[in-house]
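When the chains are written out, they are named A, B, C and D in that same order, and each has its own residue count from 1.
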Amino acid sequence: MLNQQEITQLFKETRTDSELICSFLKTEDYVVQPVEYVSPPKWHLGHTTWFFEEFILKKYAEDHQLFDEHTAYVFNSYYESVGEKVIRTDRGNLSRPSVEWIYDFRRYVTDKILELLETQELSAEALGVMEIGCHHEKQHQELLYYDIKYILGNNPLFPKYNDQFRENPIEDFPKKWIEIPEDVYEIGHKTNDFSYDNELGVHKVYLQDYKISNKLVTNAEFLEFIEDGGYEKVLLWHAEGWDWVNQNNIRSPLYWHKIGQSWHQYTLNGLVPLIGEAPVTHISYYEAFAFAQWKGMRLPTEQEWEIAQKYFEWGSRWEWTESAYSPYPNYQKADGALGEYNGKFMVNQKVLRGASVATSRDHQRYTYRNFFHAPLRWHFNGLRLAQ
Amino acid sequence: MLNQQEITQLFKETRTDSELICSFLKTEDYVVQPVEYVSPPKWHLGHTTWFFEEFILKKYAEDHQLFDEHTAYVFNSYYESVGEKVIRTDRGNLSRPSVEWIYDFRRYVTDKILELLETQELSAEALGVMEIGCHHEKQHQELLYYDIKYILGNNPLFPKYNDQFRENPIEDFPKKWIEIPEDVYEIGHKTNDFSYDNELGVHKVYLQDYKISNKLVTNAEFLEFIEDGGYEKVLLWHAEGWDWVNQNNIRSPLYWHKIGQSWHQYTLNGLVPLIGEAPVTHISYYEAFAFAQWKGMRLPTEQEWEIAQKYFEWGSRWEWTESAYSPYPNYQKADGALGEYNGKFMVNQKVLRGASVATSRDHQRYTYRNFFHAPLRWHFNGLRLAQ
Amino acid sequence: MLNQQEITQLFKETRTDSELICSFLKTEDYVVQPVEYVSPPKWHLGHTTWFFEEFILKKYAEDHQLFDEHTAYVFNSYYESVGEKVIRTDRGNLSRPSVEWIYDFRRYVTDKILELLETQELSAEALGVMEIGCHHEKQHQELLYYDIKYILGNNPLFPKYNDQFRENPIEDFPKKWIEIPEDVYEIGHKTNDFSYDNELGVHKVYLQDYKISNKLVTNAEFLEFIEDGGYEKVLLWHAEGWDWVNQNNIRSPLYWHKIGQSWHQYTLNGLVPLIGEAPVTHISYYEAFAFAQWKGMRLPTEQEWEIAQKYFEWGSRWEWTESAYSPYPNYQKADGALGEYNGKFMVNQKVLRGASVATSRDHQRYTYRNFFHAPLRWHFNGLRLAQ
Amino acid sequence: MLNQQEITQLFKETRTDSELICSFLKTEDYVVQPVEYVSPPKWHLGHTTWFFEEFILKKYAEDHQLFDEHTAYVFNSYYESVGEKVIRTDRGNLSRPSVEWIYDFRRYVTDKILELLETQELSAEALGVMEIGCHHEKQHQELLYYDIKYILGNNPLFPKYNDQFRENPIEDFPKKWIEIPEDVYEIGHKTNDFSYDNELGVHKVYLQDYKISNKLVTNAEFLEFIEDGGYEKVLLWHAEGWDWVNQNNIRSPLYWHKIGQSWHQYTLNGLVPLIGEAPVTHISYYEAFAFAQWKGMRLPTEQEWEIAQKYFEWGSRWEWTESAYSPYPNYQKADGALGEYNGKFMVNQKVLRGASVATSRDHQRYTYRNFFHAPLRWHFNGLRLAQ
């Protein structure tokens, strides 16, 4: 549990980071929503700010004057139990409030929060919500990278985001299998550090003997799958994966482009030739599963991943697991709007473990349970084989 | 493992039962497909017959003369690796082949199979496929009940199916909580009797302490949930359940009708007043989950159900569990077309355990892993609470 | 205006004809609805019967006992102002009432109407509604042919309807251009014989000089268009026609099948090799228009057709015209439910003139204004060029 | 036919006007596309510029250096016969090229065109295309107003565009009926001034006696229709209009909002109380038709409008007519890409006559045939009764 000084530091860094991420954008890039699950960057900036005004300033700051009572509700999100919300698919239709307005809103709320933190000793409860607010904003920082990549990478001009972002770290060490013996193991978040509610409730699981790779699957390996006709072999796929592949005419990971005879990939640094030794990314769970089937292997479960993770490096790709996103034994969701955070998504999604090149460094921990729908691909994901 | 004589007996009974189920239909009832996941009864009769011709007669009967080489492919199903298939949603458009043709086809194949069984000693492999074929037909018998109920129950005239079918057995004993202690338990199909591949691979699991009810939730209890506004309380629902409820304007289980002030339910015996003490049925997983949330409880996992099942009666409702349908450790799918049977559905579905009033008696076992998509309701399902 | 005896004769023939058309069907064929604009044959039989009970017996027969007060409403149609209606797209889901029930219903109503006609002198108004009822049933007879062809012709088994129906009469006379001079002409229904309200209101139009072909376009001519790449030349098409062609991957008229190297067409006599000299049929307005563009010509307007029709033979194909379906000057729609018959369709449809091989002989007249949406093809249509 | 000096003047004014219209926008407003038929303002600015580069500079300017060969294709439009096009519904997803880029593109092309006009004597053909290019841009100026209003008016903050735009001129003179006698009249564009191809081909029509109002229908009159339950009376509507009303839950014109008990309308000056005496606008053809039915009257045909227009004032609303958009007798579409301009839309659209408050002053003429699909409402339309 962080103290008020640590929270202040975390808050400052977090607020600055979000704006740094957006500093490479043109005004126009802040506005568009090319697909339902992508949000306009300005919405992320507004929404994370709304969170602090709604859950901290309105509750803990005496006589707080709202920045703009008629506008902020636009930035409410999936929290159905707090007021009106703007339909998610409409976000890309809204040219106002302007980007300038949003930066004013951010500045106002950041200043008011800092003023509160400097002038008042916050309760443990309030500090807890502050910490959630910071981690919430870090999650949106990661989404900002996904969404910016989608916006620029689906533009026929393929504009680059910047030259610095390192999207494709290479694992340049030999591949080997880590062997874990059958036993009862403990799963879940154990320390006092921050975690989400879905990681809590340390509990035992029984794992059978298994092996797990010390390396992620690479682009070169995935290319072999493509060249062997993996996308055309029905028996490798789930029934709904097969429908998805054919209805959407999927024949390669997202952002791969075959130009003439050579494969390219769009990265945040622009369109570049495919890097064979980099870990494959932007694949759906269906593709990860089909690849593993083709190899005669499988994906690990999230428990297998958690127990084995200390034996390998992780952090460049969110790793698809075989596990469906379900509550841990004795899972209790938090009260009120914050309780909507995790529990309500626990059906028809797959757990991903690890972290990615887009994850804020202090937002990474081995018990983190990320989750996405099986067909989604725009996040920095990847896969690690097990058997 | 059944011997050839037992298989012959099983086959005869199975073939007769399917036709008995359909004996209450008019010709017109065999043809329609009111919704994508319902198949016309004549399709079930043809498809189960096609299975025996395709996987037994073509392979094991010398010089087998196909009943009709131009027609039978219409009855291929989800087995994508065997020839052309008719698009599932088109089944309801086909008036031909006629019902009469299908009964001729059945008679022809049944006779040829019996001839084979009488004149030739079949290999273990062939007997195994015969057994699968019989259980496959029993599964379709259960689907026949679901689909017939849907076809008649969505007709504004509410025609009855017959007077005999017992759809609402009542559990008239006191409710109590069964307590199971934390421990390592064994899961999976252990005997030599028939099972599907998805039940195989006995393995250990660690279960925490839990309690499970000895009774199913009743209509009267579910009505309390409705009357307390359960369908309007967002916090009880999964996010996608909430969307489903609102997009489809769901306010009660399927087949419930409020006529004036009193609730009725359509049953295979026709429209009758709601029977409060009968176990609730025809609800989605979302509704089962929301009901449990409203009670401050939860659904059991499939492992919890399997370990506790010997302490309660089951068999009138397929019971929704919290478990996603995933492969057991070391799951291996069968080779070839039969391998498509189970594995390819192991994503985004929920496991149901037990059996129902529509399940063939020798198709019931406590390791059976049934599965349906979360929003589906037309099967005879129900729910049992855990905590 | 027909007298009561003539109406009786017309009524008897009409009722018999509908049943004769259906006498070639199996029970299953009566039930299905493969696409939204096709109705199950049993619905046509019931609906035309409902018309006579609703608009004649309920109004003019003293103490009329309804055949079945709970069921007949199923057969109400587009008459939104009379009671509840069954949603059109649901018609194919209803296995009940059964075909047998419908024939009983027909017999009951036919007998009651004949009894009324024999025992009571009907008012001019009642005789007028009787006449409309007969012509209404004749229209449904034509739809029965279309729908039966669609049901059987979209079945992969291509069952034939019968051997007698003559679908492809050949115009074996030389092609020539009929020239009509610029002038003021009179348009509209002039006699006392039966007509619909949309033909009434004789009025003058000014026509410029034009030429119109004495022959319909043939299959052989249309094949030239196909072979010249007509379906791939964007400049021949309306913008929405081009979208329609590409979204539906249209490359030939409906019911044409290229088997190996040779074109076949499904007819009510079964699948036969394409008959080059027969008039092309089952094309959309878009295709008719594109063909005419390709020829450097155009379709006639309905007024041009009406003035020129006495110089050519017509009656085997409903002929697409360039005219949108709009009210004639001084058009007045009838009062009440019967007023819904025509006027409410006068937007976004195209007029077709003439008659077809499926049109009842005494339902043909040169002022008849038939109409269909531009993309529809399942009726026996065709085209005649003008310039 | 304008000479080169006049064309130069027209071109300069046109280019300036487009930028003036957009001078009230924020950068964000240029980017969004809230609905498929609205284009982002930056697209209009780019597309009209692309037109001049594609059809003038590439063809008539020696050694023309393209501004950017990789980008301009984004601004191709419905001209399917010129190169690749961006799918229309994707326009709102493109944040690049930026607004700044587009203004650079405009400046470059404007300068190059002016250079061409100053240094070279253009052929009559080239001057003709220049004139079309200017009128094409004027059409897009009108669309800019529609689209800007849609973008701002569908934003929950209801931002105003500016204070100057006069959207609601009032016709403050007595209502009376203009009577036109039956006769043969001449229709079509007769002078040498600019017109589109669809107005050409002067021809005779025969009109019956008719009356037409000297005033447009007002908001107050339309409110009476609403208050009389016009939107709930099925017999007033076309069948597809009735479906449209109910599927979209339409109960008032677009941009009308009932706040408490009083009606407001969103205008380009912001949200204001409904102005009863202003002419109603933003209604569909279906609503115009239903209103006329409710009055026991009808809409005029486009020919009736053209003949009577000299007896009334027009120009504030595009007036829905009863006429479908069809070719005039002897209509010839232009060759090549420019030929796609009008002819390919001549199906399933309705003609509107007159002009609107958003129409460039020298883009108004009484023979102008505007056209929209029946359900569209975002243009400044209105209605005038006839009988």
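In this text, a residue touches a chain if its C-beta (ideal position, glycine included) is under 8 Å from a C-beta of that chain, and two chains touch if they have at least 3 such contacts.
Just so you know, these numbers come straight off a predicted model, no measurement behind them.
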Return the chains common to the contact lists of chain B and chain D. A, C
Please identify each chain that touches chain A as well as chain B. none
Distance between the centres, which are taken as Cα means, of chain C and chain A, whole angstrom: 58
Separation of mean Cα positions, chain D and chain C [Å, integer]: 37
Calculate how many whole Å lie between the centre of chain A and the centre of chain D, each centre taken as the average of the chain's C-alpha atoms. 45
So chain A residues touching two or more other chains come to none
Inter-chain touch pairs (all): A-B, A-D, B-C, C-D
Note which residues of chain B are touching chain A in the complex, please. 78, 80-81, 184, 203-206, 208, 210, 234-235, 237-242, 285-286, 289, 298, 322-324, 326-327, 329-330, 339-340, 344-348, 350, 374
Within the complex, chain D is touched by chain A residues 26-35, 42, 70-71, 74, 86, 90, 92-99, 151-152, 154-157, 159
